[in-house]
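Next come two complexes built around chain A: one with chain B, the other with chain C.
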Partner chain A sequence: MLEIIQNNWMLLLIGQYPNGPLGGIVATLLLAIAGLALAFPVAVLLAVARISPFRWVSLPAAAIVHVVRGTPFLMVLFWSYFALPVLIGRPLSGFWTLVGALVLYESAYLAEVIRAGIQALPKGQEEAARSLGFGYFRTLALVILPQALYNSLPALIGQFVSLIKETSLGYVISVNEFTYAAAQLNSQLLVQPVEVFTILAITYFIICFTLTQSARWLEQRIARSRQGRPGRREAQPQTDILATEPMP
Partner chain B sequence: MGYEFDFSAVLTDQYIDWLLAGLRVTLLLTAGAWALSFVVGTALAVLRATGFRPAVWFVSTFVEIHQNIPLLVQILFWYFAMPEILPESWREWLNRNNSEFILAMIAIALCHAAYISEALRSGLRAVPVTQYEAGRSFGFNYIQTMAYIVVPQALRLSIPPLVNHSLLLFKNTSIAIAIGVHELTYQTRQIDSDTFRTFEIFLVATVLYLVLSFIIMAVGNLAERRLGMGVR
Partner chain C sequence: MIRFDKVNKWYGPDVQVLNDITAEVNKGEVVVLCGPSGSGKTTLIRTINRLEPINSGTITVNGQETHAKSVDVNRLRRDIGFVFQQFNLFPHMSVMDNITLAPRKLRGMSRAEAEEKARTLLVRVGLEDKAGAYPSQLSGGQSQRVAIARSLAMDPPIILFDEPTSALDPEMVGEVLAVIKGLAHTGITMMCVTHEMGFAREAADRVWFLDKGVLLEDAKPDAFFSSPRHPRAQRFLADLRH
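Then we have the complex of A and B:
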């Protein structure tokens, strides 16, 4: 097994780069980071729309979230693969096709995480801001969202782990990423599938486990720091951080 | 966009047969994996609840491994690597009996069993200790207390996450396309490459998935309303 890693670590780490497209673990991480960075603003908008007092804002947002929750990620990926190039009028690389699918799919799940964060805040926060003369949007932007986003940080890391796991499905449409690199390696070596797929699984495990553990650590830290502050003791139930995790 | 939708090209008798065949495999895969994952998940949760150190260690390792590796990688592992490890006779049996389907079902079931055992565990922890104490003081022994008092409440408390994971399991059966299981997504692609009516056939398939997902969500809501414990 070590021999396989020694001979092929470049392929597994960065794919064919610089002689071909970037692939391997680096591409997997870049895909997940780009997906999260682009999905995040969309998710905040969706979450805010979902708790809006106006039904004509909250209903469409709820519909989007439910439709995405009811669709397999692979279907979203194929839509991104076929429809995005038609919509933007030019061909799209595998990398951006996958990022597009991640943004479409994850925005809905992230929005639910952020919504849970907002709804877990004590009502007094909003009331205090409103009585200080802040309008709806200033209350949201300066008082509610900063606290809600900070409190949902562990859940957001959990969601990032989901994104990393979802990038593996790029394999199905031949996007250059880690799983694809390993499958290439497997068909090159032919006779060592156990070794190759064990390397693949262990590497994903190390990356994702490190992240989930740090999310747990952060969650405890945040819970402690909130308990420590006087006057907030009666606040909010703890939201279950992995409850909405979408997961392949 | 100037694209002319033409559903009559994809909804001929032949393609409807293909779709229905795919739907059948998707439903079979969902049902098989769901049943297996609930059996394994419950067994894991019970093992963990015993508090016996090696058992707890085994269950938490199982859970972490299955939650931190992509399901696709688990399916690929079962398909490409597992048959090499299994004894010769098992491999022959698998090859004779539609190995893709069985291996995909096992991989999906074990992965989701990890999530289900976690959902059950948090349900068990949410039942107040006084319930257990009350059961014991009525003269029930440990097993009776668990079976008649604690577990039924824990199950009801876990309905929302269990429904959530059932839905995810159903959606994740589409990943079995990666090893060539002839489920709904696979048949959709077949029809697509046969007719080049990409948007129509993917629209039909997406609506099929959505309808089934909404049925699962509705059944979940019903179960939650009929059996759930409400907010405590």
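Then we have the complex of A and C:
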């Protein structure tokens, strides 16, 4: 197995780059980062819309969240593959198709994480800001969201882990990423599929496990920084955040 | 300054929390609201800045009907300070930022100007060395004094206190009450819901006694404490003495 890594680490790391498209682990991480970076603002908007006092705002947002959460990621990916080019009127690369699908899918999950973070804050925070004379949106921007997002950081990292794992489904639409690189390697070597896919699995595990551990560390840090804060309700238990990852 | 006219409020069809409240607070006056728990005193002061809606009647602040649809509630609230039982400081901001946030963002004050004002206020509440601290590093009494400074930073002509000492350890009640007493009779109109009858006796111009949403007594503290007229108030005071 070590020999396979020694001879092919460049392919696994960056795909056929610079002679071909960028792939491998680097592409996987880029996909995940692009997906998260674009899904995050969409998720904040969805979360804010979900808790809106106006039903014409909250209902459509709830509908989007429920539909997406009730759909397998593979379906969303296929849908994006065929529908996104039609919607934007031009062909889309595999990379951006996958990013589009990730944003659509993950923003629904992230929105629920952020909504939970907002609703876990004591009501008094909003009342204090409103009593000073801040309007609804300035209260959100200055008082509610900074706290809610900070408190939900561990859960957000957990969501980033599922995002990394979901990028592997890009394989079915031939996106050059880590799983795709491993499959290429497998067809080159022909006789060592177990070794190749074990390397793939272990690498995914190392990346994701590192992140979940850092989420746990962060969670403890946040819990500690909350201690002794007067007038704060206990935050919602976050021990099970990693159990709420969606299945792709 | 603040006038209640036949104010009624229900929770659901059966529970009436405010029953035909009609009363007035004059400019610069200190009114203490007391009464058994569930009597509607907290609800009453929360209706003044529209944290709670009312079902009928009018509340007029400085000639402006506060529950009118046309009123800009954010503008109204800038001029009504509110101090909560649970302090509700913003835990992600330093003491300085807690105090300067509203003057900077809502009154367009520069940071330097707002911070200078905040320092004066911190001296006034006896916490000039806590400007850089975060709320998690403060005791309850210190937190409440910062919350008072935060309200004062907007220079409100009116300030409302909702049980400002009820969430405090006993040894911290005094420091907060001292700050509130220091504000009384400086021209600011104050309403304070409290169970601290000693404070009411010393600082209040008038005491309102509520029970089951009805304003039963509106009297000077001397008269209220020595000879309450209503039997319910007599019983309340007798219970307090035990």
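Following the convention adopted for this analysis, the second predicted complex is superposed on the first by the 233 of 248 C-alpha atoms of A that agree within 3 Å, B and C clash if a C-alpha of one lies under 4 Å from a C-alpha of the other, contacts with A are read in each partner's own complex, and residues count from 1 in each chain.
Basically, a residue touches a chain if its C-beta (ideal position, glycine included) is under 8 Å from a C-beta of that chain, and two chains touch if they have at least 3 such contacts.
It should be emphasised that the depicted structure is a prediction, and the values quoted were computed from it without experimental measurement.
Superimposing the complexes on chain A yields a three-chain arrangement in which chain B and chain C fit side by side.
In the superposition on chain A, A:200 makes contact with chain B only, while chain C stays out of contact range. In the superposed model, A:70 makes contact with chain B only, not with chain C. Judged by the touch definition given at the top, the superposed model places A:216 against neither chain B nor chain C. Taking the C-alpha centre of chain A as the apex, the lines running to the C-alpha centres of chain B and chain C meet at 110 degrees, rounded to a multiple of 10. In the superposed model, A:166 lies in contact with chain B only, and not with chain C. In the overlay built on the shared chain, the residue A:125 is in contact with chain C alone; chain B does not reach it.
By the document's definition of touching, of the two partners only chain B reaches A:208; chain C does not.
When the two complexes are overlaid, the chain among chain B and chain C that reaches more residues of chain A is B. Superposition on chain A leaves chain B and chain C with their closest Cα atoms 23 Å from each other. Annotation: chain A has no residue touching chain B in one complex and chain C in the other. Contact residues of chain A toward chain B in the complex are 66-67, 69-75, 78-79, 82-83, 86-87, 161, 164-166, 168-169, 171-172, 179, 183, 186, 193-194, 196-198, 200-201, 204-205, 208-209, 212, 240, 242-244, 246-248. Of all residues in chain A, only 122, 124-125, 127-135, 138, 142-143, 146-147, 150, 225-232 touch chain C in the complex they form.
Interface of chain B with chain A (complex): residues 1, 3, 64-65, 67-74, 76-77, 80-81, 84-85, 115, 118, 122, 160-161, 164, 167-168, 171-175, 177-178, 185, 188-189, 198-199, 202, 205-206, 209-210, 213-214, 217.
Chain C makes touch with chain A in their complex at residues 49, 51, 74-78, 80-82, 84, 86-92, 101-102, 105-106, 135-140, 143, 147, 150-151, 154, 167.
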